[in-house]
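What follows is one structure encoded as C-alpha cells, with my remarks underneath.
Naming follows writing order (A, B and C), and every chain is counted from residue 1.
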Amino acid sequence: MTSQPTLAYIGEETAGDAMHGLVRRLYPICRSITGDGVRETLRIIREHLPLEIREVPTGTKAFDWTVPEEWNIRDAWIKGPSGEKVLDLQNSPLHVISYSTPVRATLSLEELKQHVVTLPDSPDWIPYRTSYFKLGWGFCMSHRALMALPEGDYDVCIDSTRRSGHLTYGEFYLPGHSPEEILVHTHICHPGMCNDNLSGIAIATFLASGLAARNNYYSYRFVLLPGMIGPIVWLALNEHKVKWIRHGVILTCLGDAGGFTYKKSRRGNAEIDLAVAHALRHSGSEYQVRDFSPCGYDERQYCSPGFNLPVGRLTRTPNGEYPEYHTSADNPGLVSAAQLQGSLELCRCIFDILERNRFYINMYPNCEPQLGVRGLYRTQGGTAQALAEEARLWVLNFSDGEHRLLDIAERSGLPFATVADAARELTNHGLLQGADGS
Amino acid sequence: MTSQPTLAYIGEETAGDAMHGLVRRLYPICRSITGDGVRETLRIIREHLPLEIREVPTGTKAFDWTVPEEWNIRDAWIKGPSGEKVLDLQNSPLHVISYSTPVRATLSLEELKQHVVTLPDSPDWIPYRTSYFKLGWGFCMSHRALMALPEGDYDVCIDSTRRSGHLTYGEFYLPGHSPEEILVHTHICHPGMCNDNLSGIAIATFLASGLAARNNYYSYRFVLLPGMIGPIVWLALNEHKVKWIRHGVILTCLGDAGGFTYKKSRRGNAEIDLAVAHALRHSGSEYQVRDFSPCGYDERQYCSPGFNLPVGRLTRTPNGEYPEYHTSADNPGLVSAAQLQGSLELCRCIFDILERNRFYINMYPNCEPQLGVRGLYRTQGGTAQALAEEARLWVLNFSDGEHRLLDIAERSGLPFATVADAARELTNHGLLQGADGS
Amino acid sequence: MTSQPTLAYIGEETAGDAMHGLVRRLYPICRSITGDGVRETLRIIREHLPLEIREVPTGTKAFDWTVPEEWNIRDAWIKGPSGEKVLDLQNSPLHVISYSTPVRATLSLEELKQHVVTLPDSPDWIPYRTSYFKLGWGFCMSHRALMALPEGDYDVCIDSTRRSGHLTYGEFYLPGHSPEEILVHTHICHPGMCNDNLSGIAIATFLASGLAARNNYYSYRFVLLPGMIGPIVWLALNEHKVKWIRHGVILTCLGDAGGFTYKKSRRGNAEIDLAVAHALRHSGSEYQVRDFSPCGYDERQYCSPGFNLPVGRLTRTPNGEYPEYHTSADNPGLVSAAQLQGSLELCRCIFDILERNRFYINMYPNCEPQLGVRGLYRTQGGTAQALAEEARLWVLNFSDGEHRLLDIAERSGLPFATVADAARELTNHGLLQGADGS
C-alpha cells in the first residue's frame, strides 16, 4: 500500500442504495473459502476500494492449520428419469455442498437421497452446507422439490476441482496520523446469501471508502477474508503487525431488520467495547450488548488467548438467530438499503468516538474558570443550563488526566459528540489542553 | 479565633422554632453577593454564634476570578402615570435585579417592559434574577401586576451603587482534639427567599452552636459565603488550610417539606458520602443519594479537579426542583420549624458518625472471647440474640484493622450508634482497643 | 492416624436409608458438650468410620476459654403428689437442662415451676436448654404436661455429676496426594434432636467413607466436635495444622425438607464459596446463598479474624428458622432418607468441584487448534454446536493461566462437570496441560 488511493466517495444519503446494489451484484457468485468465486468477488469490490489482493499457497502452515486445496466448480446438476434437470447449480450456488469432490454417476432415488440435504421444517428453502475438511460430495435442495421426485434413475454431475492452488483474500490499509490501527474484518466465503455476509462486505467497503476521504488519527486495516481459516492464516502471516491493533470489529449480518447486537471482546472492557456500547445507547435503535463467548464467528481467532485482541463483533441479528440463516431465504429481500444505511451510520459513529476519544487536561483546575467572560456561560442566573454548557462543566471537571472523553460522556449521560464538541471549544479558548500537548 | 466562645446553646426540642425565628428575621434583608445586606445578615447571626467577619477588597485575585465591585441599594421604585408607586423595593428585595446599575428615568410602558422580568406561568410570583457580571438594570415583578399597568409614562428609580468595596463573609472555627477539619459551607447571598438559603444559614448556625457545647474529635470550620464567587475566594485565600479538610458538606434548601437529597462528593466513596448515606438509610425519612455532577451549587468549586475535596451537598428538595425555587413564593411559609428541626437532627447524626467512626482492634482475634463471664452474653442457649449482642459479635469479628465502625455498621445492617456503643462497651471490657492505642 | 482404615463403603442408592438408620440409632443418646453420651455417639460412628477419639482434660486452656468440667447424668425424674413419675429422663434426653447440677428435693408445684422451662406457643413440644457456664438445674417439659400437674408436693431428682474429666471429640484424617486439606466440621453435642445435628453427623460420616474409597488430590480432615467450645479447643490445639486448610465447610441441619442455604465464609469469595454456589446453581434444588455474619454456629470460630479461614456453612433450613428447631419436634420424622441423600450428593458434588478445579494451559493459544482432525468437532458446518463442543471451546479459550475450570464454568454458564470433562479430553489429546505440568 503506497500511494493514497483514489476513492469513489459515496455520500451518506445514497450509500444505502449503493450498498444494496453491491449486494445484489455479488449475490449470484458461487463463493467458497477459496477459488475463483472469491477472486471475482474481490475484483468487484475493487471497483469501489483499491484493495490489495493476496494469494496464499495451498499447504502454507498457519499455527495448527494448513491452507487447504483450492476448490472450484464449473457446473453441477441432477437429471431426472425423464432427462430434465431437477437441480441446477446455475439456479443457486447453494445447490452443491461446498468443497464437494467431483462426481458423475447414475443413482436410484434412494441412493440419491443419501447425498441430498434438505430442511423438512422449511420445505421451500435450500440449506447451506460445507464439507471443507472432509472429502465427499452432496447436493442441497428444497425439501418440497426432493419430495416431488419420482422413482427412477438420476444422473448426477458435480464438475468441481479440489487441488493445490491458493487461498485468496483482500486487504485495504489506510494510513492515519498514527501507526496504531483499527482492524475491520468481514468474511467473504459465503455463497448465495445476503445478510451473511454480503451485508458485512458492503458495509466494510463503504465504510473504508468514507474513511479514506477523511483525515484520520488511526490507521485502518480492512481485511476481507474467508471465514474460520481466513483469520487464522492472516494472523499467522501478520503476527508482527498485531502489536499495532488498538481496536477491532467483525462486521457481519448487518442488513436484516433486527436491532443491533454487539458481542464484546474477550477483554470485556476494551475501549472498542465501551465505544460501541455508548454509540448503541445513543443510537435510538434496539440493541443488545453481550459478553464474549468463544463460540461464534471469526472473533474466536482474534480473541484466542494467545492474541486476546480488543476485537468485538457487530451484527444486527446474530448468526443462527434468524430463521433464514444459512438458507436460500437469506436473499436480497432480507436486507434493505435503509438497514444497511443504518448499520453504516452506526459504524461511522463508533469510529468517530474512537478517533476523538482522548485525554484532556483542564488548565484551570482550581475552581471553575470564568466561562461568562469567554461567552461560554449564560450571563443571567436562574435559568436551566443548556446541554452544551453542561458538557463544558463536565469536561472541565473531569479532564484531570484520568478520564477520557468517553469516560466523561458515560459519567455525564451526555452523547459523546456533545462532550467532544465541548472539549474542542474549551481547547480553542485555552481552557483545556490535549494530554499529549496538542 | 482564639478564646473559646460563649455560645447560646439551644436544646433540640426548641431549635426548630428558634431556627424558624431566625429565618423570619433575616427574610426582609436585601442581600447580594456583596454589600450591607450581607453585613447585616452576619451581624444577626453573630447574636447566636461568634463568627469572624472577613472583608475581602474589590479587585482581589482568586484563581481565574476577581472580587467584584460592592453593590448596595438604598431604594428602588416605579411610579405610574398617576404618580403612585406600582413597584417598591421596600415590599420585596426581589423587585430589583441584583447588581442593577443606578437609573432615574421616565419611560413609556413599552420601554419599561424591556426592563421587567416576570413569570407568565406563575403570574403571582416575583422571580429572582441577578446580573453580577454584566452591567445593566432591571426590575422583577409579578406577571399579574405587570399586565395590570395602564399605558402612560412611568418614572423609574434605582438608587444603587456599584463601586470598589469589599466582599464580606463569615467564618466560625471550632477547634477539636485534632487539627483535622470538617468543613460546613452555606451561602448567604440570596435575598427575600427562605428555603434558598435562610434554611441553610439557620441549620449551620444552630449546628455550630450545638457542636461548640461538645467535646469534639474534629475541628469544625463553618464558612458563610456568597454563592459562586464566595467559595472561589475562600479557597484562593485559604489554600494552606485545605489539606486539613477531611470531610465537608454544603447545607442548603433544608426547610421545605420534601425528603432529603444528598449529592455525593466527586470522589463518590468518601467517608462523608458513606456517613450521609448511612444516616439517611436509618433516618426513617424519604431520601435520595445522587452521584456528583459538576452542575449545581457551590460543591462545584470544592470538587473542582484541582481540589477534589470530600465535600457533598445536603438538601431537602434540591435547587431548581421545587416550583417556588428562586421566586417570591420561597417565603417563610415554605419552610417549617419541624422541617428545619429534622434537618438539624440529620446533620447531628451525620457528624456523630464521623466523630465516632474509627478503627478498632480485637484483642482476642483467635475465636470469640468469653462474653458470658463479662456479662456480655445471654447465659442460657436457645433464644434469639439481642441486637446489642449481635453488634458485639460484628464489632469483634471485623475489628481487624481493615474495617471502621461505619464499615461494620454497613456490613451488618445495624445502625451506626448500636455498633459504636458496642465498640465502647467492648473497649471498656478490654476486648477492643482503638487502632491509635486509645 | 497411621494405617489406612478399612471402610464400609455405602453406595449412593442406599446411603439415604443407611444415614437415616444411623440418625435413629443415635437419637436416644443423652449427649452434651462433654460426657459419656458423646463417647457412645463416637463409638457408634466408629462402626462406619475409623475415627480417632481425642480426650482433652478439664482445665485445658484454649485461647480465652478453658475446657469445662465433664457432665454426666444417670437419671432424672419428677414424681407427683401420688408418687407416679410425671417426667422421666428415659423418655427424652431433653427433659433436663444440659449441665444441670445434681438435686434431690421436695417442692411445691409453685416452687417446681421456677425450675421448669416450657414452650407455651408450642404446648406439645419439649424445649432444648443448656446451662454450660452457669451453675444451676432445671427441667424442660411440654407446656401441656406442666399445665396438667395438680397442686401438691413433687419429688425431684437429677442424678448428675459435673466434675473434672475430659472433653471428647472425634477426628478422621484421610491423606490425599497433597497435604493441602479440606476441613469438614460437624457438631456432636445436641441430644434428642435429629436435624440438629444427627443429620450433619450422618452426612459427614458417609461423606468420609465415600471419599476414603477414592483417590483424592486433597487430604480431608473431618472433625466431630461439641458445638461452640469444640472448635475453639480444636483450633487452640491444632494451630500448626491450620495453615494447610484450603477449604472448609460446616455441615448441620441437612435432613429437613427445606431447600439449601449456604452461608459464605468471612472472605466471601473463597473457592469454597464459589464451588458451593456453583453446585447449588446447577443442583435443581431451591437454595439461598447468604453473606457471612458472625452470628450463627461454629463458623464463628473458624472465621474469627485471627483465623479467617475459608470455611462456609451448609444447611438445609438454617438453625432457628424452622419451627421445630431446638425442640422435641426435631425428631426422626423431620428428616428423611431422601433428604439426607440429596444433601450427601450435593456435598459430593462440591468436593468433586474442589478436587477437579485446576488451572490448565492451552498448548495452542494462537487461534483455535484443529478440533475436527482430532474427532472433537462436527465435520459439517451449519448445525448448532453440542454442549460438549461448546465446553471444549470455552476451556481452550480461557485456559490461559488466569482462569481455573470453575471460573470457566461460571463464565460459560456450563455445569462444572461438563467443563472438567472437556479439560480431561483436551488434555488427553495434548491440546491442554495442567498448569503444574501434569
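Keep in mind that, in the parts below, a contact is a pair of C-beta atoms (placed from the backbone, for glycine too) under 8 Å apart; a residue touches a chain by one contact, two chains touch by 3 or more.
The structure presented is a predicted model; accordingly, all values stated were derived computationally and were not measured.
Visitor: Can you check whether chain A and chain B touch via the same residue numbers (shared by over half) or via different ones?
Guide: Counting which numbers both chains contribute, under half are shared, so the two copies meet through different residues.
Visitor: Using only the C-alpha atoms, find the rotation that maps chain A onto chain C and quote its angle between 0 and 180 degrees, to the nearest 5.
Guide: The best-fit rotation has an angle of 120 degrees.
Visitor: When the centre of a chain is set as the mean of its C-alpha atoms, what distance in Å lies between chain A and chain B?
Guide: Whole-Å distance between the two chain centres: 55.
Visitor: At least two partner chains per residue is the criterion; list those residues in chain A.
Guide: none
Visitor: Using the touch definition from the top, list the residues of chain B that touch chain A in their complex.
Guide: Spelled out, the residues of chain B in touch with chain A are 62-65, 127-134, 231-232, 235-236, 266, 291, 293-295, 300-301, 303-308, 320, 326.
Visitor: Going by the contact rule at the top, pick out the chain C residues touching chain A in the complex.
Guide: 362, 364-370, 372-373, 379-382, 384-385, 390, 393-394, 396-400, 411-412
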